[in-house]
């Protein structure tokens, strides 16, 4: 990890980074878990520790195994090998109705023949809690999710957002140690999604329950999470905070999966005092980047250099700064979004890079137009060095 | 059997109770559905006796304790040598096939029409098809006797209105059997066809029309091919039971209406030749096996489509 | 387009007429005062009155109802279990056989079912002494066997439209499998179970062929009675029985349809 760039975290304030606190033990431990369906491997020996109070997201595309992993946490699938430990107890073989885990389903799965109230109270009834307490707790949780007035309605009469809140209430009322959420925002429209994202985060902080979310939407993952694991074809590609995953991807898959990125293949030319010089054929120039981790840096090794579009500056004049990589380009395409503009610039040898920039100056005239000759530049520290 | 139970136990605990509860109906079906077929097969290989039961036992216990297996294929040979039975099988297939075709010709337009109506009218029309389906089969066939009789409603009407002088022979012949089968099995044809046509995406037909296809071309190129699963299901649901129909030929057919169901009844109750009756049944079953397996395949495919794939 | 619609409309109208003319004709003639079908003797209820005195008919009707209720109830239980198993248990040993056994009765000619069951009962009687006489019990057993198949079809079709995660959600909340079955699954399939029961009831009440084979002395069901009478031609009192049954069934079906429509309307309106 590059301490130079990231602002140094206040190491005393570990409240927001429980995984760094040696005195806290993990809430969930996934130990070398694999799941095979016949000969098909859905989850391939993954291990993970999730700490209490985290809002942890499992991010992956379809077929990545994320849903299978979630179902194993809930108890609907049994791992082929490995173990799952929740709150210190081995839950690998424990059925779902005996786990201190509750789940919010993607389809909400509200019981259609019961009212909202009855739906929420169902879990409490099964625990044998007395009627009085059931009523109190149900009313409480419905207030929390602002569904109090609709308590007597049936699921068929609820909107999407309302159904989701009931599903959430139902999953929270039993005060589980771990709450699982399967694509919680997928069924909502854009406005509602944004609103719900913040509601979820607030709710989680207020209740202090550990959340684990499964999603394919990386924006969602970035906003919600304390930490993310990027999953691909049954394996974990990287575990880290949104910032770590976004700015310090471990490999090409993660770099490409989360957010937009420019990926260029290059060959190592030389290494000196931590800075690697590479020759990039696609770009037709030498690029520099800081070495990270313990990569093989022999001259001649193939690598990838990656730069995020927002880290690239676009200007009419050539910048004179040794700490920056500068290239000449022509503006091929531009998209004006109001708050920002996206550019596709063509370098001298034909390679196209994506650049994005905030429109800081208030003007309705574009500062850069189609076919303009421009200079694009980025700080050497912005370049990510990845294995081939 | 042991393997079956051990497999049930090793299963994941979630539906354990269901696996155990399943045992009772399973055994029931084995005993009351499957075993009888084994018995029919056995009897079809026996000789008739004037005794109770009227056939030779499969295993013979001689005084010395030897077992002899008494098997004969005489009954089957009898079936195939005598032109009579071959004719009956073919006649049954012919009658069933033509009836199925008639059902299709009548049922398809109706199903098509219903599927294109607005939901309210659609439900009403469907109800109209379903009500007769629930009314006793026997009574509905019986109703035709009164209509088709030489002095029944239809003949009375035709004579009264002067269209004919002599009553038409509408009953106790093949014609009446066709009417009977089509009438009784029409709902079985319409319902699967309707189910298929209703699910069909209207956009496809509109797209074809947009691309320049005339109405009859839209039908031929888009609607008809897509409705083939429904057609197959409907036809099989009519054809298979129609071959072995008994009540309709018994009440509406003539003495020269040859259907295997009636022949079987006569062989059993009148001739009391149980081995031959069994052989007739076995051969009938073999004729039906392929269409039945076909039907099962289309049903299971339809169900797996409805259930969807893995997420 | 218009021209085709007219042709289509004609076919459809003809078909509906075709379906209902026989039924209506029977109903009309049940009120015919004359013994002869050909002659219209005026309106009369005599055939209905004669039914009340006809002990054989009443006895047969009672027997049929009894058999129908018992066989429908057992068939629903078995059929639901089988339907659930085939829909929910995925692959298991013996599944193919079960599927075959439970779909065949739907298309198997009744004659074969009847003969084969008769042979079974006779063989059983020889080997273990039961059933000593054939009658209501054997008929009931036969009806359960084929009705179960129909119930299973109805249940399976309902289950395939049901959200599977409902049961998982219930388990996740702490419901043990059996509790989940009664709390969640049964309410969801209850309408299907009721339709299944009605279907099994109707099939039992209507069966002639199988009952004829597996019945014994003294056990005559209503359809058997009707059949033996109508083999000889039209008899006016059968018209009366038929009309009663037609009215009962039609009312039942229409009522059920209205109930269903009411239920589905409610959830649609409130959306």
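First chain written, first letter: the chains are A, B and C, and each begins at residue 1.
Everything that follows uses one rule, which is that contacts are C-beta pairs under 8 Å (C-beta built on N, C-alpha and C of every residue); 3 or more make two chains touch, one makes a residue touch a chain.
All figures in this text were calculated on a predicted structure; none of them were measured in a lab.
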| item | value |
| --- | --- |
| Per Cα centroids, the chain farthest from chain B | A |
| By number of C-beta contact pairs, the top two chains | B-C |
| Separation of mean Cα positions, chain B and chain A [Å, integer] | 58 |
| Centre distance in Å when chain B and chain C are each reduced to the mean of their C-alpha atoms | 16 |
| Contacts with 2+ other chains: residues of chain C | 171 |
| Two or more partner chains touched - positions in chain A | 95 |
| Residues within chain B bordering two or more other chains | 13-14 |
| Of all residues in chain A, those that touch chain C in their complex | 74-76, 95-98, 101-103, 105-107, 109, 111-113, 122-123, 126-127, 154, 156-157, 170-171, 174 |
| Chain C-facing residues of chain B, complex | 3-4, 7-8, 11, 13-19, 21-22, 24-26, 28-37, 39-40, 43, 53, 106-107, 109-110, 112-114, 123, 127-132, 134-140, 142-147, 149, 151-153, 156, 183, 186, 215-216, 236-237, 240-241, 243-247, 250-251, 261, 264-265, 268, 274, 277-278, 281, 284-285, 288, 292, 295-296, 299-300, 303, 306-307 |
| In the complex, chain C residues that touch chain A | 163, 165-166, 168-176, 179, 183-184, 187-188, 266-267, 270-271 |
| Residue ranges of chain C touching chain B (in the complex, touch as defined) | 1, 4, 8-9, 11-12, 15-16, 18-23, 25-26, 29, 36-38, 78-79, 81-82, 84-85, 88-89, 92-94, 98-113, 115-117, 119-120, 122-123, 126, 141-142, 144-145, 148, 156, 160-161, 171, 177-178, 181, 202, 205-206, 208-209, 213, 223, 226-227, 230-231, 233-234, 238-239, 242, 245-246, 249-250, 252-254, 257, 261 |
